[in-house]
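Below: one structure, written as structure tokens.
For reference, chains read A, B, C and D in written order, and residue numbers begin at 1 within each chain.
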Amino acid sequence: MDNVLSWITFLPVVGILAILFVPKDNKNTVRIIAAVFTGLQLVLAVWIYRNFDSSTSAIQFSEQYKWIPSFNIDYFMGIDGLSVPMVLLTAFLSFICIFASWGIEKSVKGYFAMFLLLDAGMMGVFCSLDFFLFYIFWEVMLLPMYFLIGIWGSPSRTEEDGMVRGGPYAAIKFFLYTLFGSIFMLIAMLVFYFNVSDPVTGGHTFNMLHLMDQANHGGVLKDFDVRLLIYAALFLGFAIKVPVFPFHTWLPDAHVEAPTAVSVILAGVLLKMGTYGMLRISFPMLPDAMKWKYFAYGLAILGMINILYGALCAMAQKDLKKLVAYSSISHMGIVLLGMSGLTSLGMNGAVMQMFNHGTGTAMLFLLVGVIYDRAHHRQIDGFGGLAVRMPIFAAMMSLAFFAGLGLPGLSSFISEAFSFLGAFGSETFDLRLITVVSTIGIIITAGYFLWTFQRMFLGELNPKYAELPEINGRELFTLVPIGILVIVLGVYPAPLLDLIKTSLNELVEVVKAAEAPTMLGLH
Amino acid sequence: MEVGLNHYLALAAILFSLGLFAVVTKKNAVTVLMGVELILNAANINFVAFARFIDTDLDGQIIAVFVIVTAAAAAAVALAIVLNLYERLKSINLDEADSLAG
Amino acid sequence: MDFTNIAFYIFAALTVGSAGVMVFHRNVVYSAVGLLFAFFGVAGIYVLLAADFIAIVQILIYVGGILILLLFGVMLSQKLTKVDVRTESMQLVPAVVVVGGVLAVLLLTISSTPWKLAGSLEYEPTTKAIGRLMMTEYLIPFEIASVLLLAALIGAAYIARKN
Amino acid sequence: MITNAILILLLPLAAFVVQISFGKRLPRKGDWLSTGAMFIALFMALSILVDAISTYESNKVLAAQTWEWFSFGSVHVTFGIVIDNLTAFMLFVVTLISALVHLYSIGYMHGDPRYSRYFAYLGLFSFSMLGLVLVDNFLGIYVFWELVGLSSYLLIGFWFEKDSASNAGKKAFITNRIGDVGMFAAIMILFSTFGTFDFDGVFAGVAAGGLSDGWLTAAGILLFFGAIGKSAQFPLHVWLPDAMEGPTPVSALIHAATMVAAGVYMVGRTFVLYSADALFFIAVIGTITAFMAATIAIVQKDIKRVLAYSTISQLGYMMVGLGTGGYTAGLMHLTTHAMFKALLFLGSGSVIHAVHSQEMDDMGGLRKKMPITFWTFLIATLALSGVPPLSGFFSKDAILASALEYGMRHSGQMWIFVIMLLSAGITAFYMFRLVYMTFFGEPADKKKYDHAHESPLTMTLPLMILAVFSIGTFSWGWFEHLISKPSLAAYGAVAAVAEHGGGHDDVAHTAHTIAMISSIVVALSGILLATTVYYWKKISAETWGSRLKPLYNLLWNKYYFDELYAATIISGTLWKSRFLAMFDLRVIDGVVNGVGRLTAGLSNVSGKVDLRVVDGLVNLVGRIVAYAGARLRTLQTGNVQSYLLMALFAVIILFVIQQF
């Protein structure tokens, strides 16, 4: 199976074409087409998983064609251990989300076309190895996301304080924020382009593998100050996506206003692009800048702030979906902390956490969607005693909550524990204090999840919801596979870990080997 | 003067002009159709004449056959349209079919 | 001036004359009759051009088919009781100018073009050869033409039917 | 033996999975399945224990096996099982009490709407607890540590319709988490130093002097934080009394016999790790806990709460035992306490089942109505009070001896022994207060008394079995031989860390004698006082209560710990979270929106310019086009023929142009 990466990336685009030919009244046909194409994508992803050789850190399934020869831009796709889990996650969640979107009735064709475009964009980001191509996919994703939040999200409304919030506001905020970040990424990309030479032809290049090889760096990239600046620019671009405090405020709005499936994709896949970008681009291309102590400690401290700040903010939320959104901020902080220590444990833990947070938070958002579809509100205090009325739903929710608070036996425990262990045991930097302070986040997380669970599900049944229907088959179909994954990877994480460790250990070695000047070059 | 290609072409040109005149001036849709038939005949004469005088094989003639066939089809459809027009406007005067007027 | 030349002029005159009647007569029925004779004239011209098959087809289809169709059209669309089979003309002056111009252009072009004439002018029966070509080299156009006819037939019936 | 151990571990898990999936559809809702699985596990554990005792070697590792769980390339994380004498005892205790509690619950939980769910949770707990005692590394113990916390959360909040129950569950989980974070920090220190989670590997590293004294003490104290949470030690003891909201058999199993003792077990398992300072810290915490909880128990009126505070107090004893170097004493008390405290809880459950109240003010005179319950309860009470020759006497005496020995060896540390001795007296006092108020005297509530009856056999049989184990199965010698104090020297040459504690010499012998005598005296005087006050009624409890009103209030309100935490930590966290959420919304998001508004404002200005100048030009062009269009539209007649004419005219023009 040649060109499997092109197939997996562009299958959704084929799906869009198919959808465009369906009369707009055949809503079910549109849905089925979307399901079929994302299903095929998932099949391909599984095929990739089975055929991926995890014993090497080399790029696999690579495809390289000249695309715009006059600028040395290639169509270069390929994956390694870092991208594989993200590809799997994207395919898996996209497929699930089609079913979570089954209830969408407003211009179904448009919705699913946009969704598939989003899917293609995300897949492209994780598969492309040409910086230019990466950037294109990165931007391609923005557009459908904007419309999905803006059109299919909640309608605009004016709050008591006079702020206009709602779907359109959130969409534009998301769009501008991300665009703002990608401008810095673009600048960094161009600096790379003009200062890195292709070892074969000697010309400018966007090829990431060439960009990673420090021997190819020339021009202003020889200057450490410039490298720091470029690193900062890249970081800004990625940090907004993660999102890192204080660039996170788009996230609660976007997550809350978006329709369920889009929230799932946002939290499950999009956030990972930020950390993926750091690991794919910032770390290997500018290892010395990453190791500059102010950046390294800064990254760890930002991770700590994310963990604590996100958890505390989550605790104060009254809206369930907003709580889940802030919990995402908190959990992504663990990824940052795990990465910053430059240890095999922490790096593997962080990438596992990316995957496991993707599944866990997807489950949470799906569950929020379930209750919102029934009760038409998400106020935590507005429920009560639902465990009596909806035992299966309550069981699912508790599974998701316990996964979120890192209970052993569920997937995120291993990843969180090893992110912390890795950061704590770092030989490169002394992150012990930061790590120990960060672990307090575990307590707060337990606090807000259990408190929420209590307020919604325990106690006397709120008579208002005495007739609330139990979770239905379709919803269970979206939740159960994720739940199984969460449990299986919690008990036996080796399949995921084996997939990524070779590549990530290599990455750690590469970055560790770099020498960071302690003094700035400014004279 | 020996009758040659030019004569036939001139004849065709005259027929064409007459047909064209009918197409341009006549109000009655049926008469316009007749004009079209004249124009087609003129074209056919050209084909056959060229086949005779320049490219001495049968291609021109065969094309003429096809033109006739097409003309028959066109006539049938056009007349159907005319009848339909009549149903709507109670007239087949083309100047009344001017809903495209700006 | 041999027989062929004379015949050409006779047929040409017949054609042009009848066409003139067809064009300039106000009564549609007369126009139709004029057209009939113009078709005959053209058939004659075909004969002179050694295209016997085309000539026959011309008579069969045009005279036997299309013209009858046109007459039907006239009859059906004009209520014969209060016959207004007259046809009026419009924008005469611009038409005369433009059509005259077109004719002038055509004639000028014809006369000024140096035609590369082929040599031999043998008369041979063409029917058999055309038939052979239709079934070999022109098979696909032939089939397409049949489909076109069928489609036109159905289309015409569909359009013309009263809802 | 490994196979047996794995089966012991997996049987309750299988019961859990079956019950949670389709327990409701099984006959009798599957109670026989869970109970049966537990009894099979009990017999397997018994065979292991018999093996251990018949081998009769000190700290003998009977079997061990390790599997790779996952690997990071250079770091391999393993999962292993180790069975030594301690494990064998723990397996037996856990499976025995769990099996009896299963049996007991058949009667106690009869007719509960979530009957099968209850047994499922019990299975999950048994699995986690057995895993905790079997596992051979720190990560594994942390995993099961959290899992027992989960099952405890689920069982405390089992009747979650009651707000108090769901609150108690949440409180238990979060309080435990606080301790767990400390434990996790300790694991981080140990792992980052030694690169392994295995007990043996870590101990060998410590023996080789891999950690400096300061770090070792820090690791020990942090590790003990986990035990503080789980074993309800001061200051994280507040969750355990509230945990009594759970069904009483659960209290017996989890919150008296097994899970709360997990902290003690963990400290025992990792005993060689603790530096002298860390052990002192443990002893101090244990002393404070033992005394504080015992005093609170004096005034409580709820039968289960008295027992809960008694449990906390006894756990404090165990900690003191370990902290003062009495390794065997602490673990032995763990074992004996598990038996008689489970018995006490199950007995109180039987009483509660009979009178449908937990308030001792509603009881009284039940001795005649419930003879089996009474007699077994009395045996357990005597054991707990430390009356010879019952089991509790031996273990408590050993702890007191260890504390005394510690005080004799370290000048200025005698207070530990004194306080512990005092607490022993208080223990005897409040336990007999409980017995007199419940089983003797006149019935306080006649209606409830008449309604009361002895419990069914499924409930009384466990009581009798446990009573047998409470009487005097354990005597000092052979237990000490089997589970004797481990030495760091066994794991390699001891470098800088000094060996702590001491062996059997004269000091120990003297201490033993003094401790034995004083403990008997104190226990008997406690009993005597209780008899005077509550049986002979020579001294009025009410009078003394009102005379010592401030003290009484202090004890009645449990030293105001809950109020203190509510006012500081809980409301502090909530306040912080609200403040940050507001900060997030107003300040950070406000800045973002401010930038947005500024941009919008700027664009408004440029929009005005655009409107007047640029757009003016555009509009001008537009008007011209519109005018021209109005003129030209007359050409558009709609008549196809005139279009044709125009086209032809254009053709002629083209021709003319082409010609010239």
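We take it that contacts are C-beta pairs under 8 Å (C-beta built on N, C-alpha and C of every residue); 3 or more make two chains touch, one makes a residue touch a chain.
Just so it is clear, the structure is predicted and the values come from calculations on it, not from any experiment.
Go through the assembly and pull out the chains touching chain B as well as chain C.
D
Which one chain sits nearest the middle, judging by mean Cα positions?
Centroid comparison flags A as closest.
Could you compare the number of C-beta pairs in contact for B-D with that for C-D and name the larger?
B-D
Indicate the whole-number Å distance between the mean C-alpha point of chain B and the mean C-alpha point of chain D.
So the centroids are 100 Å from each other.
Measure off the straight-line distance from the CA centroid of chain C to the CA centroid of chain D, and report it in whole Å.
Chain centroid spacing, chain C to chain D, equals 104 Å.
Counting in whole Å, what is the centre-to-centre distance of chain A and chain D, each centre being its mean C-alpha position?
34
So the centre of each chain is just the mean of its C-alpha atoms; given that, what is the distance between chain A and chain B in Å?
69
Spell out, as numbers or ranges, the residues of chain A touching 2 or more other chains.
Nothing qualifies.
Hunt down the residues of chain B that sit against at least two other chains at once, touch-wise.
20, 24-25, 95
Residues of chain C touching 2+ other chains?
Within chain C, the residues that touch at least two other chains are 90-91, 95, 98-99, 102.
Looking only at which chains touch which, which shape fits best: line, ring, star, complete or other?
Topology of touching chains reads as other, fitting no named class.
Please give the residue numbers of chain C that touch chain D in the complex, ascending.
Those in contact with chain D are residues 90-91, 94-95, 98-99, 101-102, 105.
Quick one: in the complex, what on chain C touches chain B?
My answer: residues 4-5, 8-9, 12, 15-16, 19-20, 22-23, 28, 31-32, 35, 38-39, 42, 45-46, 49-51, 53-54, 57-58, 61-62, 65-66, 69-70, 72-74, 76-78, 87-92, 95-96, 98-100, 102-103, 106-107, 110-111, 115-118, 120-121, 126, 129-130, 133-134, 138, 141, 145, 148-149, 151-153, 155-160, 162.
Give every residue of chain B touching chain D within the complex, in rising order.
Touching chain D from chain B are residues 20, 23-25, 32, 94-95, 97-102.
For chain B, which residues count as touching chain C in their complex?
Chain B reaches chain C through residues 2-11, 13-22, 24-31, 33-35, 37-38, 41, 44-45, 48-49, 51-56, 58, 61-62, 64-66, 68-77, 79-84, 86-87, 92-93, 95.
Can you list the chain A residues touching chain D in their complex?
Residues in contact with chain D: 163, 173, 176-177, 246, 248-250, 252, 309, 312-317, 344-345, 348, 385, 387-388, 402, 407-409, 413-414, 417-418, 420-421, 424-425, 432, 435-436, 439-440, 442-444, 446-448, 450-451, 454, 457-461, 492-494, 497-498, 501-502, 505.
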